[in-house]
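Inspection log for the structure reproduced underneath, given as structure tokens.
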Amino acid sequence: MKNPAKVNEAIRHLKPQAAPFEEEMSLNFGPQHPSTHGVLNFLVVTDGEVMHQALPNIGYLHRGIEKLAEMTPYSGFMPYTDRVDYLAAMFANQVFAMAVESLAEIEVPKRAEYLRVIVCELNRIASHFIATGALALDLGAVTPFVQWLREREFINDIMEALCGARLTYNYMRIGGVSVDMPGDLPDKILRFLDHFEPIIDEYNRLISNNEIFVKRLADVAVISPIDAVNFGLVGPNLRASGIGIDLRKTLGYSVYPDFDFEVPLGKGFRGALGDAYDRYMVRILEMTQSCRIIRQALEKIPGGEYRANVKKKLKVEENEVYSRVESARGEMGVYLISDGTDRPYRLKIKTGSFTAMSIVEKASQGLMVADLIALIGSLDVVAPEVDR
Amino acid sequence: MKPAEVYKLLIDRFGEDLILAYVETRNPYIKINNGYVQAICTFLRYNPSTKFAFLSSISGVDYPQRNEIDIVYHLFSPFLNTLCVLKTSTPRDLPELESLESVWKVANWFEREIYDLLGVRFTGHSNLKRILLPDDWEGHPLRKDYKEKNSYHDMETMRPDPLKVLREKNEKSGKSQ
Amino acid sequence: MKENTTIIEQGVIVSTIDGVLNWMRKSSIWYLLFGTACCAIELMQAGGPRTDLDRFGAVFRATPRQSDLMIVAGTVTYKMAERIRLLYHQMAEPKYVISMGSCANCGGLFQRSYSVLKGIDKVVPVDVYIAGCPPRTEALAEGILKIQKIMMREKWLKTRGTKRNFI
Amino acid sequence: MVSAMETAVNPSVRSAVRKYFKNIYQLFYSILEGMAVTFSYLFRRPITIQYPYKLDKPMDEIIPDRFRGILGVDLRYCIACRLCQTTCPIACIAIDLERNPETKERFITRFDIDISKCMFCGLCVEVCSTGTLHHSKIFDGTSRHVENLVLEFVNTPVRPFIKPKSIEDIPVDRSGAITRNKLKDFFDLPKFRLTDEA
């Protein structure tokens, strides 16, 4: 908007009515800001140092995927799900495939389920790279982020060898996966894991134990368990507040019950329970668990088909389903209503970042301005997942 | 506790006037009266035998044939490991419902999203503003009869398809030859 | 620089002032760190160790005032388009725009969406289009090389800093 | 002196002092540890691929076989079933068939792919029964004009391929040469314009 009066008019509603500070000012933070993790805008109401509130203004990446689903056949919608959460595209693939499979009563071959788990866990690691690395970058430490970018290239290579794309995989299909893995891929993954597991320790030495980094995060933006439930936090953010809900365990979807893994919980590693450092540390610990799952899955993977026989022009009878998976950013749900045609009547995507953003308004009260970055970074919000 | 048992519990507590039906689908849902959403949800959240602590999502579905908008609540109880689906409808011309903000804080944003995309008003909501689309946007896009405008501010919303343009050009040059 | 440069015997280089200026400009393309969607991740990876855009002298800047190049990486919605125009006008001439990926080129797979701008060339003039969804990091490096080619063709002194009328 | 005596006897003050110095020690220790990690990378192999100047091996070998690059069409083997056109969720493929009114023969007169819009999802390649439509390994589709990103694969009308029952492996040219030929040079002016102004 060119006109400042117009801008003022547009943000007027964001201002709180009562001013608690004598001299308060409003700062616009984003949407073009290196540490907003995509295009997010915050209206920061502050007295200069201490924030009264940071009011998120989202929607800069609202692409109307839900409306597009109503125009696209079931099989053609899979590429769109990649773009719901580009850092962890496999989960969106999986949750949509699960919803349609559940409606059309398609049984997925065991091998496909294992392949799905392997790629999902690899994707979870890749996503946590950006989450933890970008947090460090935003707080001023550049090296850790570059280090994770390097590791992420190895995962990108694996994914590219498997399905041909580095970011928007479009790997899963309704009733299985698009291609079987090439013969040398298990070796490649194992070699990556052997290389990667020591790197986690190295990374902890590099930044996680760094006293400055800890001081920036510990006891900052504490989210109590009650708040976490009330604001519907999911995934690592919820577990950092000490509530052990992981849909992989609770629901036991796909073949996750076959694997032996732990769910890391926040316990106040260096400060209070549910502070920014807990949220960071839970993600680091989750990477190790993902490695464990991948190793077990590669060991146990059965042979056989990788894709069930599904009609090219799939039609689904009138029904509805709400399927959920534990994505890298927590519970991701697809609420799908079919009406007998070849395209969904309504598709709603529930994402973890959306609810995580809504807590910023509450959690930012009384923080320093610089701590807002720690808060957003530790919540690991991704713009397209907020806006869809 | 299965959704059917939740339904029985609700019928015992609220009676058939408020709890309208129990519909078997892939995820069975309970149809409830649109005037008592808040009371029913508060009951489900705090009742020690259900404890639906999490509001997983709120979605809106537009049905132009019935002239109604359905609002669907997905509640999740980690204690029972059960998903409870509540559904209620509101007239399409004047959609209005109680806000659940006092029960779950997260409902605030979910309801704002529904207001933005479907135009349902939630009474008792603290800040019912557009959330995803710009404030001066016209219409509610997730309604089935939504038509895209030709321009927004000074930006066109249409783009010529290069494949069509190329076809026209080729046809013209083919005729001239 | 090659075209206008002659090497006289040992170690003496004669070139036009334009050539030298353009060579200096092309070796320090500072791009605006600003991603809108999926392509932003590839943009980050391109700045990372594997592709390492720093090799071309391209480093990121957080503010438009210091940038020569805007890489529009990803989908642009109407809400964002106004901001992009604002960012573009804040950049100093001469400025260049790379449209990275299908969404920025023409809306891509979101072309039927109600809230997505169909091609950023409706808002800002684009110099290089890169196909891909998202393009590989090497493709982005290729795009930056193409920007360098454009820079080398310009008659910098004649046009006084505006790039509008070059070959 | 009093304060010094107090320090000597008061354990809480003593622990506070100890904590203060321990903090300083930890700070320097953790920074040095991080520096040591960074320093160790001086002696490890760099992973930078110096595209495009100093490549150890050509890009074709670096990129895996399954890479979904810019689409290519080997028209010799196209059976003109149009499955790719109908499968594409965003309609970026256009195929025209024409029938010669005298000989009743069908010809493929047009096979255009708009790669400025293409999302490289691979759904069209999946349905192609002869492998005619394939992903090449070409990734650098850069252009100065967006119109140049429309690839026209038909030069002269082609007869559709009739797939024999016995052949399993159709020798489609996947080297990328077809696509490379169709991609226009960076500074080339486009054949047509989307907007009228130019």
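The letters A, B, C and D name the chains in turn, as written, and every chain counts its residues from 1.
The rule is simple: a residue touches a chain if its C-beta (ideal position, glycine included) is under 8 Å from a C-beta of that chain, and two chains touch if they have at least 3 such contacts.
None of these values were measured; they are calculated from a predicted model.
Set against one another, C-D and B-D show the most C-beta pairs in contact at C-D. In this assembly, the C-alpha centroid of subunit C lies 19 Å from the C-alpha centroid of subunit D. Distance between subunit B and subunit D, defined via averaged C-alpha coordinates, is recorded as 36 Å. Spacing of subunit A relative to subunit B, judged by their CA centroids, is 23 angstrom. In subunit A, the residues that reach two or more other chains under the touch definition are 59, 62, 64, 67, 79-80, 150, 153, 168. Annotation for subunit D: residues 47, 89, 116-117, 119-121, 146 touch two or more other chains. Counting partner chains per residue, subunit B has residues 132-134, 141, 146, 159, 162 touching two or more of them. Under the stated contact rule, the graph of chain-to-chain touches is complete, every pair of chains being in contact.
Residue ranges on subunit C touching subunit A, taken from their complex, read 32-38, 40-42, 44-45, 47-50, 60, 62, 64, 74-75, 77, 79-80, 82-83, 86-87, 109-110, 112-116, 133-134, 136. Residues 159-163, 165-167, 169-170 of subunit B are the ones that touch subunit D when the two sit in their complex. Residues 72-73, 75-80, 143, 150, 153, 157, 160-165, 168, 170, 178-179, 182, 202, 205-207, 209-212, 312 of subunit A are the ones touching subunit D in the complex. Residues 25-27, 29, 53-57, 59, 61-62, 72, 74, 78, 81, 83, 85, 104-106, 108-109, 113, 117, 127, 129-135, 141-142, 146 of subunit B are the ones that touch subunit A when the two sit in their complex. Within the complex formed with subunit B, the residues of subunit D that make contact are 91-92, 94, 96, 110, 112, 114, 116-117, 146-147, 150, 152, 191-192, 194.
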